[in-house]
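The two complexes that follow have chain A in common; it is paired with chain B in the first and with chain C in the second.
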Partner chain A sequence: MGRWPLYGSSRFESLGVSGSTDYGTSFTPGASDSKSGTWTQIVAATAEDASGILVIITDAQNDDALIDIAIGGAGSEKVLLSNLIFSGRDFTSIHYYFPIHIPKGTRLSVDGQNSAAAPTAMKCQIILFTQGFNPGGALGIVDTYGANTGDSGGTEIDPGGTANTKGGWTEVVASTSRPIRYINMAFGFRDTFTQTDKYYRVDLGVGASTAEKVIIGDIVFVKSSTTDIFLPSNMGFPVSIPSGSRLSVNMQSQDTDATDRLTDVVLYGVA
Partner chain B sequence: MAITVLASGTQTVSALDTQYTLDNDTDGKTIVLAIDLANMVNDDVLKINIQTKILSGDTLQDAYEAIYAHVQGQPNVYSVPVPANIEHLVRIEQTDGGTTRAYKWALLALD
Partner chain C sequence: MWYLFIEIATSRLVSQGSQPVVSLPAGIKQITLGSKPPAEEMYDPATETYIPRPAPVWEDRLADIEANADYSDATQNLNAAKKAKLRNALLFLLGNARYRRQNEPVPVEGGNP
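Right, the complex of A and B next:
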């Protein structure tokens, strides 16, 4: 199916960082898996229309978190990006990119929830990719599938107890609410911070149970014992998935430890 | 050849998740939908759909679909030209948002 907006990028707008010693706007997420309810402003008004957004979250403690980015005035925030999963140990930085339109003059803010009972401040930087000669704008909206606000994580995927063998399909969403033209797959480690260096391979599938078809297959990831994080933590792809689709993930790993091998998955569909 | 207006108007969406037909015809033209999204506010989501036929005996099927969400920085939106040589069906549907909106639109013919 065609999609008429054509987009290009001619400059970047960096938000949330000022001065040579600043590495992002500090915000304190809600504790114990609850959103704080307090939005922290990243920018009062963006300078230009944008066709893409890069969200950079950094943290310096062991935890899982789900991060929201909102648009709109103070007291009128509407969630633009919902439940971006963050999972890492000590000093971690996670980057999310979405090719969506954000108009000039938009106020952007951040909130989140953290698995810790007393989370420390996280940091958020946003980079907007502004349009060149562009007749229509980028994609419109991001839908989140598979986030678990009960533990600030995602849908649990078990690669199985046999090394290097796919563990079986796990449904992430039974029926997508909108068509997806760009999808981001993100991963977390379920608050488990005793990882060893291991390889993973991941499939994204579409279709009914027992009839899943691989649409993106055997993507290699690694997990690091140094940071207890998937590398990369997420990645995006152009796709063409109709609304009403069932999406599942299948995974294999070198790790057979019953706890350490488990992962969280969250999918972000851009329409 | 001059651009002509096949149809135009203002469509008021009175209910969410309801398709509204802007135009359905057999003009046999290359069409461009122009629509004004200036009334959209944050949380609004609008789906715009164009259906055509490949052969004259076919059922109408989706050719193009676009989804717009929240306030639009460039509110005058134009579809790509669609060579609807047999039949076209152009519809809008607001799927999200607290209050429904009115959308000005024009269906242009390039040939």
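Right, the complex of A and C next:
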């Protein structure tokens, strides 16, 4: 268990929100699937060593987006979290958690790209959790697999035209860069905002084609006609996947519509 | 290159990826494509190839309303100008919800029931 007692050493930093009417630092992503190139500072210097980061992105329009979080001084930003997929409708908030170490005194900033031709401002809040939050200690690097910067989405997964039947494994990455100790699966809806209430089940597999081994299987997700987003939008798991591994996803859905059933998937491997 | 792995007995797509497999499991065959199929195409078991994904079919909720028996009864005696005004008011109210997919319910969802 984590050593993050309620009293004493447990601390968190809420960054990007100030005042009772503030719900995040506004930033305007780049239009038409291109990064803006302008980093918006979330914090000039973090106050504590952190062992976990929670990134909260909100948006008020229908679009797909990919969001980057960077560390480093102005003009010297280095991407820490790359291409966090955001697939939202009207008023959406998506949360990403990664168990990584961020040293005290770090400057954090945000940039992104949006599928819209004239995107409105999005908002970003970051919560940092201090040392002791993670039972196994903080990890270091997050690699993004399967993001598609061409449409601000991810790897297309087709659950197939037969309801409630897995559509076949689709490769997300042929060979991972580093060993993965924590993985986050995130989903998007490919700018399709006319969804109906449907169930999905998803498998994450490791291994060569036709020899995929399910490491996390039959996780139930839903999509809602009211929100038009996957619920939940992403989910993280501790894993142990060697570097050089092929990762793939298999999915089934109640939805057989050739366009609506499609999802985007992006995987974030934490080493 | 992109590779499809298909169950011989059923033509079901079992797996797809960027790497070939040297020793295929029994009952599976491998098809090589020049590149990963685009999102606009989908796998067709009947032909064991990728075919164009059918375009989405949209229905017009304005047409749904105009086909409603109560609406027809209430508006049958309106002149063309008044029908046009009513139509404009309905379009204003429908907003972005004017068009729905075929399997979406006709009533606009959301709000407090």
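FYI, the second predicted complex is superposed on the first by the 256 of 271 C-alpha atoms of A that agree within 3 Å, B and C clash if a C-alpha of one lies under 4 Å from a C-alpha of the other, contacts with A are read in each partner's own complex, and residues count from 1 in each chain.
Keep this in mind: a residue touches a chain if its C-beta (ideal position, glycine included) is under 8 Å from a C-beta of that chain, and two chains touch if they have at least 3 such contacts.
Because the structure is predicted, anything quoted here is derived from the model rather than measured.
*Asks:* Tell me the contact category for A:72 with respect to chain B and chain C: first, second, both or neither.
*Replies:* First partner only.
*Asks:* Who does A:37 touch here: chain B (first), chain C (second), both, or neither?
*Replies:* After superposing on A, A:37 lies clear of both chain B and chain C.
*Asks:* Once the structures are superposed on A, label A:19 by its partner contacts, choosing first (chain B), second (chain C), both or neither.
*Replies:* neither
*Asks:* So, A:271: does it touch chain B (first), chain C (second), both, or neither?
*Replies:* The answer is first: A:271 touches chain B but not chain C.
*Asks:* Of the two partner chains, chain B (first) and chain C (second), which one does A:168 touch, if any: first, second, both, or neither?
*Replies:* The second partner, chain C, only.
*Asks:* Over in the complex, which chain A residues touch chain C? Could you list them?
*Replies:* Answer in residue numbers: 156, 158, 160-161, 167-171, 174, 190, 194, 196, 208-212, 225-226, 246, 248, 257-260, 262.
*Asks:* Would you tell me which residues of chain A are touching chain B in their complex?
*Replies:* That would be residues 1-5, 49, 71-72, 76, 78, 80, 100-106, 135-137, 139-141, 178-179, 271 of chain A.
*Asks:* So in the complex, the part of chain C that touches chain A is made up of which residues?
*Replies:* Residues of chain C touching chain A: 3, 5, 12-19, 21, 24-25, 28, 39, 42-43, 53-56, 99-105, 109-110.
*Asks:* For chain B, which residues count as touching chain A in their complex?
*Replies:* 42-43, 45, 62-74, 77-80, 95
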